[in-house]
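Take this structure first; my questions come after.
Residue numbering begins at 1 within each chain, and the chains themselves are lettered A, B, C and D in the order written.
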Amino acid sequence: MQLGLVGLGRMGGNMRERLRRAGHEVVGYAHDPKVSDVASIQELVGKLAAPRVVWVMVPADVTDSVIEELAGVMAQGDIIIDGGNSRFSNDKPRAERLGKRGIGYVDCGVSGGVWGIEYGYGLMVGGADEHVQRCMPIFEALKPEGPYGFVHAGGVGAGHYAKMVHNGIEYGLMHAYAEGYELMRASEYIDDVPGVIKSWREGTVVKSWLLDLLDRALEEDPELAGVRGYAEDTGEGRWTVEEAIRLAVPLNVIADSLFARFASRQEDSPAMKAVAALRFQFGGHAVKKD
Amino acid sequence: MQLGLVGLGRMGGNMRERLRRAGHEVVGYAHDPKVSDVASIQELVGKLAAPRVVWVMVPADVTDSVIEELAGVMAQGDIIIDGGNSRFSNDKPRAERLGKRGIGYVDCGVSGGVWGIEYGYGLMVGGADEHVQRCMPIFEALKPEGPYGFVHAGGVGAGHYAKMVHNGIEYGLMHAYAEGYELMRASEYIDDVPGVIKSWREGTVVKSWLLDLLDRALEEDPELAGVRGYAEDTGEGRWTVEEAIRLAVPLNVIADSLFARFASRQEDSPAMKAVAALRFQFGGHAVKKD
Amino acid sequence: MQLGLVGLGRMGGNMRERLRRAGHEVVGYAHDPKVSDVASIQELVGKLAAPRVVWVMVPADVTDSVIEELAGVMAQGDIIIDGGNSRFSNDKPRAERLGKRGIGYVDCGVSGGVWGIEYGYGLMVGGADEHVQRCMPIFEALKPEGPYGFVHAGGVGAGHYAKMVHNGIEYGLMHAYAEGYELMRASEYIDDVPGVIKSWREGTVVKSWLLDLLDRALEEDPELAGVRGYAEDTGEGRWTVEEAIRLAVPLNVIADSLFARFASRQEDSPAMKAVAALRFQFGGHAVKKD
Amino acid sequence: MQLGLVGLGRMGGNMRERLRRAGHEVVGYAHDPKVSDVASIQELVGKLAAPRVVWVMVPADVTDSVIEELAGVMAQGDIIIDGGNSRFSNDKPRAERLGKRGIGYVDCGVSGGVWGIEYGYGLMVGGADEHVQRCMPIFEALKPEGPYGFVHAGGVGAGHYAKMVHNGIEYGLMHAYAEGYELMRASEYIDDVPGVIKSWREGTVVKSWLLDLLDRALEEDPELAGVRGYAEDTGEGRWTVEEAIRLAVPLNVIADSLFARFASRQEDSPAMKAVAALRFQFGGHAVKKD
C-alpha cells in the first residue's frame, strides 16, 4: 500500500527501507533534501491517493506542529499515525482535534532501535479498530515475522502507554544486569567477568537480548574502559514513575533505575554533601573538602 | 565417561537422563530406592573406576555431610563436584579439607531449572584447571549446544559466586517485569495486558526467556487469578546483597527485589503499623484498627 | 489586626483560637453554623475594614472555588492567603488571576497538626515582600515563639513548595524509624523494644519530635496491636517525587517511603503474583493458590 | 564508684571527664602517656579495688585483644563493659569466654558523639541483671538527665544490637533530610534554602536534633561549598542491612541510604558504564568516552 512518512532520521530512514523491501510504496519527507523524496509536506500529501495514511516519525517536541501541518493539507477519511515517543497523555487531545476534521489517529510505540531494519520493529498500537485495520499492511511489514511483535493494546493512547511501560521495564532490566556486572567486577572470586556474561547467553534464567548486547559490548571493550558511567534518560522512564504515582503502584525497581541515571550525571551529590556535613557536626567525622 | 551422581531430585534426576542420552555412564544414588541405581554411597564409589568423578546434587544443608561421607570412601586423585546451591564461601574450606586427602574439588553453579533436560544447563564452574579439564566431558554434555552456557569463572568458589550473581540479577529482572505488569493492570489505558506482554517477545528491547515464561503463565491464567503474590527467596538473593555490603557496591535494584519478597510473606507490615501510629499521633489521621 | 478566616476544621478552628489568644480579631466562616461567626463569605468580607486579609484554610479541591468567591466580593488592595495543602504549581496562576483585580496572594504551608494550637505552627510562606509584610502580625501569632518556625521562602508558590518538601522528608523520617522498629521486633536480641525507643529520646543522634510521638504511641499500645499497617498518602508525598522527576534529583528514600504506603493498601500485590508465576514457570517452585 | 577506663580517644577522653565531674574515680589508660593515668593495663587493674568494673572504649578491631589482656589480670567477680562499636554477634562468645573465668560482661552502645560530654550519652545496654545493676552508677553519670537516654535492652548483645539499629535509622534520617535539601537546591521555587531548613526547627513535624545540626552546618557554609559529597560508612549501617537479610525484614530506606554512601565514594560507577554501553548497543545512543 501507499504510505507517507514524515521524518527520515535513524528510525524513520530504516523503516522506509524495510517497508520498501516489503513492496510498499513509501513517500518520505525530511528537511534534508538528500534523503527526502519530496520537497514539502504538501507535496508528500499530494503524491498519495485518498484515503491516505501518513506516519509521523519525528522528535516528540515537534510532533504536534508536524501533525498540525499535515492536518491542514489532509482530508476527511485520512489517517495519521504517530510513531514517535509522544507522552501517551497527548494522544487523546490530538485524536479529538483530528477527529473534528474527520482524520483518524493511531498512536504506535516502536521498539527495536538500530536492529529493527533487519529483525523487525516491535509495535504497540492504540486507536479505533477501523483505523488500526486500515494500517495493518504497514504494521505487518514493519513487525518481526512470526506471532509476536505487534499488539493493538487499546484505544487511542494505549500504544504509547505500552511503549512507555516497555521502556520503564527496560530501565529495570538494564540496571539489574549492571548491578550484577559491578558486583562481579568488585569481587576477588571472579577472574573472567566477560566470560561469565557470555556463558549466560544460553541455558540460564537470565538470558535475553539485552544480555546478548552486554556480551557484545564486552567483546568490544572488555573493561568498558572507554565508556563513562553516564546515562541520559528519555521521557518514557520518567513518565512510567509519574504513572506509578498517579495510580499508586509501587515501582521501586524502575524508580531506582531512573534515579541511578539522574545520579550518573551529577558532578557531586548535593544530598551526600548534606550527609557529610551532618556526620561532621555530630561525630566530628572527617569531611573531604572540595 | 563414568560419573557418580549423588542426589536424584528434580535437578539431579533430569541431569542423569541428559548425561545418559549423551552416552555417559552415570551411577546415581538417592535415598529413594525407586530412583537410585545403588544402595549406598559406598556402593556407588565401588562401581566407578579410579580416578573417579562424583557430582553431588543435594540440598545445600546436607552437602557437607554428603561430601564428608564421599571423602571417606574416595581416593587420592578423585574429584568431587558440588553442583548444589552452596554459599560460595563454603567452597574454599571444603577444597582444603579434600585437598589434604588428595581429592580435587570443583564447584559448579547450575541454571536452567525444569527446562535444562531439554535445552541444556547453564554451568558456571570454579576450581583448578586440571580438575575442571578432567570434568569437561560431563560439562559438555550438560551444557546447551553452541558457544554459550559454560564458563570456568575462576578458582574454587567462582562457580557458586557466578551462580549467586546470576540469581541476584534474576531477582531484579523478574521484578522489573512484574512492576511493568502491575502498572499496566492498574491503568485504564491498556485493554489487553497479556497481549502486550506477548507482543514484546520479538522486536523489542525487553525480549527474554523470562518474558516468554511470563507470556506462558498469562496464557494459562490471564489474570493470574489463581496465584498469590507470595514468593520465597533462596540463599543466592540474600548472599548477593550480603556481598554488596561486603564489597561496598550499591545494589538498589536487587536489594529492593529481595525486600519485595520479604514483604510478600508478611500478613501485616510492622513498619507500616509504626507509620500509621505516627500519622495518628501528629495529625489525628484515621487509623485502621485490627 | 483583623483577619478573615474561611475554613474552621481541625486546623482552621485551632488557628482561630490561637490567633484570638494573641489578641487578633478573627472573623471565621464555615458551612457549619455552630462554629461559624458569620452566615456567608460575603458577610465575612463585609465585617472587615479594607484593606483586608483573608486566610483560606479549606480542602485543596475546593480552594479555587472559595478563592473565586472571595475575589468576587473583595477589593483592590486586599490580600488572600492560602494556608491549605494546594499543589505549589497552582499558586502562580492564582496569583495572576487575583493580581488582575489588584488582590494580593500569599501561599503558606502550615505544619504542626493537632499540636499547633499549643506550640505554634511552622509556617513556610511564598509571595511578594509587600504582601508578606502586611500579614506578618498574623504569622507572628501563629508561629512558635523564638527564632524558628517561619520562613519567607521565595516568591508565590515557594511556601507550598517548602511545605511539600517538608512532607516528603517526613515520609522518609517516619519510614526510617519504622524500619528500625520492625527490625527490633523481628530480632531475638531485643527484649524491650518500647524501652529502646523511649531511651533514644535524649542523648542520641536520632532524637526528634517524631521519635517522641513513636514513644507515645507505644506507651498507649506497646505492640501496636490495635493498628493496621495501612497508611494513606497525601498529595505532598506524590508531588515531591514528581518534582524529583522533573528536576532529575535522585530521591530513593522518599520514593521508597511513598511506595511503601501504596503497597500497604494492597490486598495482594499484582507484581508479586507475576514473580510467583514466573518462579513456577522456570523452576517449578510451589505457588500459593488463592 | 571506681571505674577503670581503657581507651581515651575522642569518646573515652570525654567520658572520663563527664564521670569525674559526677564524682566518680576514674583510672584511665591509653597508649599515649600524655593522656593516660597509668603506664599499663596491669597497673590500671592494680589501682582498682575488687570487685572491679573496667570500661573498654577502643576501636572495634582491637577490642578483643584488649579484653583478653584485661581478663588475664582481672579476677572472679569483676566486670568488663565494652562501650565500643563491636558487632553484636561478638558479644555472646566474649561473655562466654569471660564467664569461664568468673568475669561478667556487659555490652553498651553509646551515642552522642562530640556532644555527649555536655548533654550526656545515650546508652543502650545488654547483659545480665546483676552485672548491669553493679554498673548503674556509671551509667547514671554518663546518661543525660531525666527519664530518657538509658535502656537495658536485653541479654548480652542487646546493647550493641540496639545501637546498631539506632545507627541504621540514623542513616535513613540523614538521607531523608539530604534528599529534601537537594530537591530544594534544584528547584527554582525556593530562594532561601538555609532559611527553610532553619524555620523547620520549631513547629514542624520534621524537627529534630539532626535538623538542628543541618541548620548549624548551613550557617557555617550556606552552600556547603567546602564539603565533598563523600561519606564513609561504619559497621553498624552494614550490619543493620545484614540483619534485615537474616530476619527477612524489608529495609528499603536504610539499604538505599547505605548504598548512597557506597556510591558517593566511587570515581565512576561500573554499573552505569554497563548501562551506557547497553544504550549504545541497542539504540546507538551517544556514549561519553573516558
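Throughout what follows, contacts are C-beta pairs under 8 Å (C-beta built on N, C-alpha and C of every residue); 3 or more make two chains touch, one makes a residue touch a chain.
From a predicted model like this one, the values you see are computed outputs, not experimental measurements.
In this assembly, A is the chain whose CA centroid lies farthest from the centroid of subunit D. Mostly identical positions are employed by subunit A and subunit D in their mutual contact, as over half of the interface residue numbers are shared between these two copies.
Computed from the mean C-alpha positions, the centre of subunit B lies at a distance of 38 Å from the centre of subunit D.
Centroids built from CA atoms put subunit C at 47 Å from subunit B. A straight line joining the Cα centres of subunit A and subunit B is 33 Å long.
Taken residue by residue, subunit B touches two or more other chains at 113, 175, 177, 179, 182, 186, 205, 209-210, 244, 248-252, 256, 260, 263, 269, 271, 282-283, whereas all remaining positions touch fewer.
Taken in their complex, subunit C has these residues touching subunit A: 205, 233, 238, 241-242, 244-245, 248-252, 255-256, 258-260, 262-263, 265, 269, 271, 282-283. Residue ranges on subunit D touching subunit C, taken from their complex, read 88, 111-113, 116, 119-124, 126, 143-144, 146-155, 157-158, 161-162, 165-173, 175-177, 179-180, 182-184, 186-187, 189-192, 195-196, 198-211, 240, 243-244, 247-254, 256-257, 260. Per the touch definition, subunit B reaches subunit C in the complex via residues 10, 113-115, 174-175, 177-179, 181-182, 185-186, 209-210, 213-214, 216-218, 221, 224-232, 252, 256, 260-261, 263-264, 268-285, 287-290.
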